[in-house]
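Read through the structures below before going on.
Heads up, the next two complexes both have chain A, just with different partners, chain B and then chain C.
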Partner chain A sequence: MILNIVSIVLIALGLFFFAVGTLGILRFPDFYTRVQAAGKCDSLAAVLVLIGIAVYNLGDLSLAAVLVSIKILFIAAFVFISSPTATHAITDAALLIGVKPWTKEKNTP
Partner chain B sequence: MKRRLERAGGQQLGDSSIIKTSVRLLVPFVQLFGLYVIVHGHYSPGGGFQGGVALGASFILLALAYDLKTSIRHFSEGANALLANTGALIYTGVAALCAVMGGLFLDYSALDKLIPLGPIEWRSFGIFLVEVGVGLAVMSIMVSLFWDISSGGEMDEGL
Partner chain C sequence: MAKVVTFFVMFAFWVVMSGMFDAFHLSLGVVSCLLIAHFSHSLLLYGDPKSWGRGFFGILFYLPWLFWEILISNLQVTYIVLHPRMLDLIDPQLVRFKTSLKRPLSKVTLAQSITLTPGTVTVDIEEDELLVYALTASGAESLPGSAMERRIAAALEGGK
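Up next is the complex of A and B:
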């Protein structure tokens, strides 16, 4: 019962961050801010949903369920390391190649 | 000609310590997962090709984060060619051995005459043998293709 509530809260939080991140990808003005929104989706929201699934899977405490939950947590750790690295690599390459950040005043040089 | 992109400290493109550290953390787990996919290929999703691609991708990741020389130092060209040919040999060898032992090509139950495990057990174990061969060949060919394409066939400097 408590596990169900915890997993529902975690998955709902993850879906909220996914929705907000998608909104950011669609509405933000330039490359860097969109990458930031996409990275937030990939790291925070995906990890929250995965942890929620892992908690939900613990409903019957058997050895097999615990092993599957540990595998899901490994996936979450993997995503949590690799997704920010990918975002960093993309942003770094864009900065080096000369993509200009967005500014509010169009006329300033 | 290749365009050299430099940042303020004189570091070159792709020379980021964040990427290097996380790749150094991730590569062993990627390789372990590749072996898991190969070994569990006959009763869960996956198989020789997918596991071989995961194993090859770990070396490609190493070449992307560091440079081509580092990945060649960890996985030499001689070992690469040897493993590719060994994989193809395991595949065709097991298949032809089935034909030699009196079955059809890739009919593993014929290998029961060689080592008596029972034909049903052999049908499962033969797939495992063939998938190990496929995995080795796919891993080596993936890495070799990446080396050749990214360095223009010269093997001296990658992306």
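Up next is the complex of A and C:
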């Protein structure tokens, strides 16, 4: 029961951050700011959802369930490593081919 | 030494991943972990054996603080995204700054941490200079000599 509440709260928080990340992609002005919204809010959201699933999975406490939860936590850890690496690679590539960043001075009258 | 430690880390990982404890699966694990430990032991652990434990426990104690920082800065970005006059709040800019960190591991940790905290992305590292793209002016100003850098230095470079 308590586990269910904890996992529901975690997954709901994760979905909230997913929604904010998606809104950010739609609202931000240029490529770089959109990468920010896409890459970052989503990594926290994905980790929150994964931890929520891992907690939910502990409902029947057996060795197999604990092992599955540990595997889910490993996925979360790898998301934390791979997500910033991908964000960095995309941003670096965009700068290299010369995508111009949006700046405040240029766009305020 | 590196091979032995790599073998045990790999084997522990194998056991957790497979979840099978019969002789057949365990011996398969022993064989493949021995092969991996023999051929790629220099990837996981390198340098002075004394620094391995420091790296592992340093990162272990650094992670909770990082997670807290990620939560806080995520809330800041959430505020910016949901703000009606969002374009007034953001002021994107590229910043260069020097870091005092020496080990490659701690530089990578710093770069990844900067990218993980919303509002800042590490674009490039050359020697000891980081190129960072920041979403707001305050995010850009807080980068050089940040608490993050000090904590990484304490966690991964303290004893040197």
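Quick notes on this structure:
FYI, the second predicted complex is superposed on the first by the 101 of 109 C-alpha atoms of A that agree within 3 Å, B and C clash if a C-alpha of one lies under 4 Å from a C-alpha of the other, contacts with A are read in each partner's own complex, and residues count from 1 in each chain.
The rule is short, and it goes like this: contacts are C-beta pairs under 8 Å (C-beta built on N, C-alpha and C of every residue); 3 or more make two chains touch, one makes a residue touch a chain.
No experiment lies behind these values; they were computed from the predicted model shown.
Residue contacts after overlaying the shared chain place A:5 against neither chain B nor chain C.
Contacts of A:24 after superposition: chain C is touched, whereas chain B is not reached.
Legend: residue contacts after superposition of the two complexes on their common chain; A:97 is shown touching chain B, with no touch to chain C.
When the shared chain is aligned, chain B comes close enough to touch A:82, but chain C does not. In the superposed pair of complexes, A:64 makes contact with chain C only, with no contact to chain B.
Note on chain A: of its two partners chain C and chain B, the one contacting more of its residues is C.
Of the two partner chains, chain C is the only one touched by A:35; chain B is not. Residues 81, 85, 88, 92 of chain A contact both chain B in one complex and chain C in the other. Against chain A, in their complex, chain C makes its touches with residues 16-17, 19, 70-71, 74, 77-78, 81-82, 86-87, 90-94, 111-112, 115-119, 121-124, 133, 135. Contact residues on chain A toward chain B in their complex (touch as defined above): 78, 81-82, 85, 88-89, 92-93, 96-97. Listed in rising order, the residues of chain B touching chain A in the complex are 5, 7, 13, 16, 18-19, 22-23, 25-26, 29. Against chain C, the residues of chain A that register as touching in their complex are 17, 20, 23-24, 27-30, 32-33, 35-37, 39-41, 43-44, 63-64, 67, 70-71, 80-81, 83-85, 87-88, 91-92, 95, 101-104, 107.
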